[in-house]
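In the two complexes that follow, subunit A is the common piece, with subunit B as its partner first and subunit C second.
Then we have the complex of A and B:
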């Protein structure tokens, strides 16, 4: 019995050791990025590397902001995110309601078609969407970052799954009481589905914030770039001073890290469920 | 007599309203899907069969398989296929094994589990571009932390990014790190769905932790493991963003073309843009992904039965 206990605690130590080494590896790129953002030009290229910067002055951030319009990149990212996520949430809610509670011709055929469409890679349809945006006169316009993302089959499907789990008897009772579909959706369904909705909104917001391929296609001028694309062109065009690159990268990454620290459970649960659905 | 038709008309109007109400809910959602998902698929499919397609005048000389013939005989596309499949075959096994181990350990009753989870999952929400620049700094030949740490094992500095012999491995290392959080989350949620009764029964039978892991945990987790492998395989087939922060494109010697990079190159980098080649390559990518998905569904059904 004593021996077993000893073995167990030894195993426990091993578990913690392994998990700690792994955790350090996972967060190390962030540590290196953020400390790099505070290093001086000589510190950053010294070998052996400097583990801690000597000063925490914001000079690198100030210089990065002077060299490229990171403030407008930031604002553009926020506008594109808020615009696409809010419209997409609306269309997701009404679309999920239609597929979950309403009856209409070819409903099941359409649902099967949408499921099939989910398999098509975004990288494929992007070719045509790029031309569509040009034809609509939206090339190099911030609207180009919103319009193509106003509805999502994936999120609609997740929310429909949740709506399906709300008993139909509730719907029938409300209908008998003379409650309109519209009122029922917004006054009953949406409040019940709030946790699912929050998750969908979070996942959508993260995806929008980090998107690179689409902005790099649809945007040309500095004034309209979003953060990841702006960061990339800043590094690509502005030489390769690593400390500025790290400062600029920190600006891009920090809002999402903060969001994650506050909403970890919702995000993780959403990914676990969304992944299982996909 | 005159009141009847009016009443009838009213009825049909109301009936019409009732019958068409679904459109109010359906259309806002479907219009976006129609223009930005359904139409592009049809368009990409058709364009890939148009010979000598001019994207400005929209003229083409006829229908045929010329684009596919060109793409399938293009050495750069061969390279793209080789790199993409290579990436899948390196990243998937390593990341899956690591994730199974980490998820199993995180599933134990451990202290500070919130802190551990934050550390393991945070890379999932951060920009591939921004974190990629941090990796570029870490991979640096002359002053990178990775070469410094390898120095302790008497390994001479490796030119990770600037040497075509090594840059594929740098891409894979970054790829494994980036895909781990998502993989761990899915496996952890699979582990949490396993009925604790199985573990209790195994312990009563006197099985040790390693035996439990291989005889109880792994078999019960198998459907989740398989699902994760397939989802990750599909996402690895689309490797693209990672190339930009690390290599500003396809690598020093243009040796790191991937399938999506090849598509991007054909319609966005080349002048004039080659939409025919881009769409043909995109359709080939779709077929690869389609086969992978069908294979997944097939095996899923086998496991469930």
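Then we have the complex of A and C:
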């Protein structure tokens, strides 16, 4: 018995050691980026490296903001994200409901077709999307970052899976009470699916925030750039001021970290969904 | 409200779930739709509620033809086997929901919901979510939600089968009480004969989509219309022995001659099934119907059950605890009039 306990604790130590190494590997670049944003030009290139910055003055951030219009990058990113995520969430919810609970002709054929489209890589659609945007007269317009991302087959399919798991008797109970499809969707399905929805919105928001390829094609002018694209131009133009790059990178990443910290709580709360038997 | 069902048929692509079904359900009664699983009883219920459209036939609520009406226009309250409560709403919100859809003013709907909660005894847990309640309590909430809009008819689809045995007895009495207090015409689906027998005014017994018999519980037990009805009701299951009519007697397999008053009117040579309830067989009777051999005797508390072979068929019979029988003993068997039936072997049609 004692031996078993010993083995167990040894195994535990190994596991924790492994996890610690993994965690450090993941967190260290972030640590380096954030501390780097506070270091001076000499501190950041000195060897041996400076682990802690000597002051926490925001001079690097101020300078980064002066050298490039990060504020308008930030606003553009937020507008593109809020616009595409909110419209996409709506189409996702409505589409998932239709495919999960409604009956219409060629439903399964249509679903198979849509799923088939998911196999086409984004890089291939880029060209046709680009043509469409030009034809719509949206080139170098912030709307060009929203319009192509107003629906997502992948998220719709995930949400459909969750909707499928909600028992049909709920739907029938509501129908017998005279509840319309529309009302049932928003009053019953959406609140129940909240945990899934939060995850979908979060994934979508991160993808939108981080997207680089598409903005770099569809946007030309500095004032219309989003953060990742702006950061890229900044690095290209700004030369080798590493501490400024670190400050700019921190600005890009920070909102996502904050968003995740808030939403994480939501997800954990939402997972505990009771009352659905059978 | 009176429900009239006329020649109702429901065909799915490869099967007929309900076949030419007609019945009249009187106002204020509690009716059980009873039958083995897959007999079409839930399909029947869904057609009455309007969730399913019938292939043929008509349904009338009083004199109104509701066949083509959508569920919400029929004024039915529906309770599901899995309760179907909205998990994100509290008990009060759940009960209020049907009224909210009907746009009843907020104060009125809360008052009515609270009244209903009181009727089903969940008024102390209005702020709980369904996940924090037991199955029995959830079922009470589901009944309250179905009743709050004052439906013309209450439909319950296997309301008790998700509950454990003790709760089931408690809840079925509760359903009876609630039905009596509100006087609402109620139809409930069950596959449990005891449940149907204990609380319903009439039982509709179905098999393979066909109505077998529609009668009072005791009548169903005492006067089954066919072999299936006799088979389905009763515990222990009814004893069955196959035989042929010869000289006004039934000759069972293994050359056991049974004298039965009722058998005298049946045509010579007809193949029949003799069905006998365990309590209708009297072992060791002077006035004998036939002779049998005691195979086994089980004492089960107040009752003594004997296995007796009549010819090659073994039957169960309750015997008098005072009498003792040995294994292998040959005994006279008497048959009571009540609880002994003769059916056609092929069609199951009742002959006597």
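Operating definition for what follows: the second predicted complex is superposed on the first by the 251 of 278 C-alpha atoms of A that agree within 3 Å, B and C clash if a C-alpha of one lies under 4 Å from a C-alpha of the other, contacts with A are read in each partner's own complex, and residues count from 1 in each chain.
To be clear about the criterion, a residue touches a chain if its C-beta (ideal position, glycine included) is under 8 Å from a C-beta of that chain, and two chains touch if they have at least 3 such contacts.
Everything numeric here is computed off the predicted structure, so don't read it as measured data.
In the overlay built on the shared chain, the residue A:212 is in contact with subunit B alone; subunit C does not reach it. After overlaying the two complexes on the shared chain, residue contacts for A:119 are found with subunit B alone; subunit C is out of touch.
Look at A:169: by the touch rule set out above, it reaches subunit C but stays clear of subunit B. If you count the residues of subunit A touched by subunit B and by subunit C, you find the higher number for B.
In the superposed model, A:69 lies in contact with neither subunit B nor subunit C.
Legend: residue contacts after superposition of the two complexes on their common chain; A:161 is shown touching neither subunit B nor subunit C. Comparing the two interfaces of subunit A, the one with subunit B and the one with subunit C have residues 273, 275-276, 278 in common.
Those residues of subunit B lying in contact with subunit A across their complex are 21-26, 28-33, 35-41, 43-44, 47, 55, 101-102, 105-106, 108, 110, 114-131, 133-138, 140, 142-145, 148, 177, 180-182, 185-186, 188-189, 209, 227-228, 231, 234, 238, 240-241, 244-245, 248, 260, 263-264, 267-268, 275, 278-279, 282-283, 285-286, 289-290, 293. Interface of subunit A with subunit C (complex): residues 167, 169-170, 172-179, 183, 187-188, 191-192, 194, 273-278.
Interface residues of subunit C facing subunit A in the complex, by the touch rule stated above, are 49-51, 71-73, 76-78, 80-88, 97-98, 101-102, 129-132, 135, 138, 145, 149, 162. Listing the residues of subunit A that touch subunit B in their complex gives 11, 15-16, 18-19, 22-30, 32-33, 36, 44-49, 90-92, 94-95, 97-99, 102-104, 114, 117, 119-121, 123-132, 147-151, 153, 156, 181-182, 185, 206, 209-210, 212-213, 217, 227-229, 231-232, 235-236, 242, 245-246, 248-250, 252-253, 256-257, 259-261, 264, 267-268, 271-273, 275-276, 278.
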